[in-house]
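Letters A, B, C and D name the chains as they come in the text, with residue numbers starting at 1 for each one.
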Amino acid sequence: MTNFKAALKKINTFILDVDGVLTDGTVLVLPDGEQVRQFNIKDGYALQLAVKLGYHIEIISGGTSESVRNRLNGLGIEHVNLACKDKMAVFNKCIEKSNLSPENILYVGDDIPDYEVMKAVGLACSPSDAAEEIKSISHYVSPKKGGKGCIRDILEQTMKIQGKWFDANQFDAETAKGIGHQFGW
Amino acid sequence: MTNFKAALKKINTFILDVDGVLTDGTVLVLPDGEQVRQFNIKDGYALQLAVKLGYHIEIISGGTSESVRNRLNGLGIEHVNLACKDKMAVFNKCIEKSNLSPENILYVGDDIPDYEVMKAVGLACSPSDAAEEIKSISHYVSPKKGGKGCIRDILEQTMKIQGKWFDANQFDAETAKGIGHQFGW
Amino acid sequence: MTNFKAALKKINTFILDVDGVLTDGTVLVLPDGEQVRQFNIKDGYALQLAVKLGYHIEIISGGTSESVRNRLNGLGIEHVNLACKDKMAVFNKCIEKSNLSPENILYVGDDIPDYEVMKAVGLACSPSDAAEEIKSISHYVSPKKGGKGCIRDILEQTMKIQGKWFDANQFDAETAKGIGHQFGW
Amino acid sequence: MTNFKAALKKINTFILDVDGVLTDGTVLVLPDGEQVRQFNIKDGYALQLAVKLGYHIEIISGGTSESVRNRLNGLGIEHVNLACKDKMAVFNKCIEKSNLSPENILYVGDDIPDYEVMKAVGLACSPSDAAEEIKSISHYVSPKKGGKGCIRDILEQTMKIQGKWFDANQFDAETAKGIGHQFGW
């Protein structure tokens, strides 16, 4: 999309897959069968900032691990949909429940189960290591891999184009007082 | 093998090693001695789809960790043979019990204990980081490493050549209704 | 900074962020929501040596995980400040409490919350995978990534320039007796 | 060493560091402070084979984690020395207790605490990511990193030059019967 930056200006909602997007796609399996996933702290910084700035964030994952809900709730994300077999059906419920407009939604996915939703949103994005079918229908493919900063890259670009990201020039010109919001406090 | 794609058409059975094939070969050791392995979510997507499509899948591993059985059962794989010291003996039992034909079997291994079985099957495959002895007898060496998508690559190629993989063109031409099987629901 | 090596001579205090600096920025989330971080053993060797040699070391982290305190206490680091929402406020308390001089302080950070403190210390350093805003105000960007030896690189350079690092020439010229301090015993 | 291969012929003992050699140098810290390390399965295959073939294997580690002893005992390695502050003192006790000759010993280390012992053995080896001081005194620097196959590389080369490694040509010429020892059964 030649006009990716312009399209970012209309985004007020992020809908995100988990495995391979918020994680590197690795699942560690504990002896009792419980699964452990690996999240990225720079993604986390951007996510909690986006929550504070009022973006609507929705998670749609096929996984069933409550540790994912724990992690994302801890960042302030309330809408965590797990065990989603049919992501399109969940997506339709989400937009109805929260009155979301597809053209304002940016979705990040990495594999076949994300395909249908990605065709339905305003901006479809993916990490550099997404499946080929997914990259081929993405408006933007991040140079970062899943779990290695692709969400940070995408959220940061959105907030920058909307004038909501940390601005070093502004920071350096002011005193430190009263600019805590720039750090996400 | 110049005719790898053609040979894939005859495959109805996948027999897989675990460490270094379904994992990256790393074993995390917990304080009580229990081991934790790292599986790949894109491998997992292809495996559960292969189960649903009726492929026979058999695991032959030298490892003893029940967490491996938990993970693979969770994907729908019933035949999980652990603690196999002599993989050829286990292989022979498997083909007898399930009446499998070696020429329809694709085996993926990465190290010396896989050598003998790999000489006995129709298609011997390995990840890019397999031992040299194993790569030298493989009909196909995946460009992907163990635990980093080599199983996804091999299963996806098989299902594609057999017309069973997700087809974006077909999807785009149809309505979404009734095509859930393409996603593995 | 053309004179980075010279500036290192004045450093007697290291203040360090944790996530993305002492770790690679990955957070593993256990089923009960507890977080697991990954530290680097070569960083650890340099840190425990720095403690023994009398450097003042202070940790300022936004994270809340007591496992971080456990790990760092185990290396001999007493001043571990966790759950710091406003790092500048914590920094100011630290320098007052321990009577530290900013020009003798080397700080290592990797993301926006570190920005303000990095502007206030004598030497601001970052790993190669820090956020761009942070790298742009760093006097030194290590070629090593966070959790992959950036702290070892920075501490080792400091101790070398101050004549406190292991010296192979001196070691080879002496008998082994009495030089245990070179290994950190 | 131009004559590394020749020197390997005299080796009957392997003495190994753990962190950064048998692992990639990462330490995962659990909430209760316990540490988890990551071992490599191809290293493990070579180690258990070396035990079966009668090589003397000795571990000298500064770490204190009993999970390390669990993992290595599971591979058949009995001599696991943990919490070694002065590795040279432990080394001297080992060679006395087991009547070892330094010229028959291959030692693999990666950091300053290994320096002194590496000067005392017949063959000093290190992974590609060892500290510079260690690589500079190594007779052989493996192209593999610690925990990523450097031990497999070194043990495999030793067993090959001594005619004890798996030999595909011999295997292919024989029937499978009676050659289980080649796989380490």
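Throughout what follows, a contact is a pair of C-beta atoms (placed from the backbone, for glycine too) under 8 Å apart; a residue touches a chain by one contact, two chains touch by 3 or more.
In this text, all values refer to a predicted model and were calculated from it rather than measured experimentally.
Chemist: Chain by chain, through touching neighbours only, how many steps does the shortest route from chain A to chain C take?
Modeler: Contact-graph shortest path, chain A to chain C, evaluates to 1.
Chemist: In degrees and to the nearest 5, what turn takes the CA positions of chain A onto those of chain B?
Modeler: Here the rotation carrying chain A onto chain B measures out at 90 degrees.
Chemist: Note whether the interface between chain C and chain D is symmetric in residue numbering, meaning over half of all numbers used appear on both sides, and answer same or different.
Modeler: Different, since under half the interface numbering is common to both chains.
Chemist: So how far apart, in whole Å, are chain C and chain D when each is placed at the average of its C-alpha atoms?
Modeler: Result: the chain centres lie 31 Å from each other.
Chemist: Return the distance between the CA-based centres of chain A and chain D, expressed in whole Å.
Modeler: Taking the average C-alpha coordinate of chain A and of chain D, the gap between them is 44 Å.
Chemist: Two or more other chains touching the same residue: where does that happen in chain A?
Modeler: 28, 30, 36
Chemist: What topology does the chain contact graph adopt: line, ring, star, complete, or other?
Modeler: Chain contacts: single closed ring, each chain with exactly two partners.
Chemist: Report the complete set of touching chain pairs.
Modeler: A-B, A-C, B-D, C-D
Chemist: Inside the complex, what are the residues of chain B that reach chain A?
Modeler: Within the complex, chain B touches chain A at residues 28, 30, 34-42, 44-45, 65-68, 70-71, 74, 147, 166, 168, 171-172, 176, 180, 182-185.
Chemist: Show which residues of chain D lie in contact with chain C when the two form their complex.
Modeler: Residues 19-20, 23, 25-33, 36, 85-86, 88, 110-113, 115-116, 119, 131, 133, 136-137.
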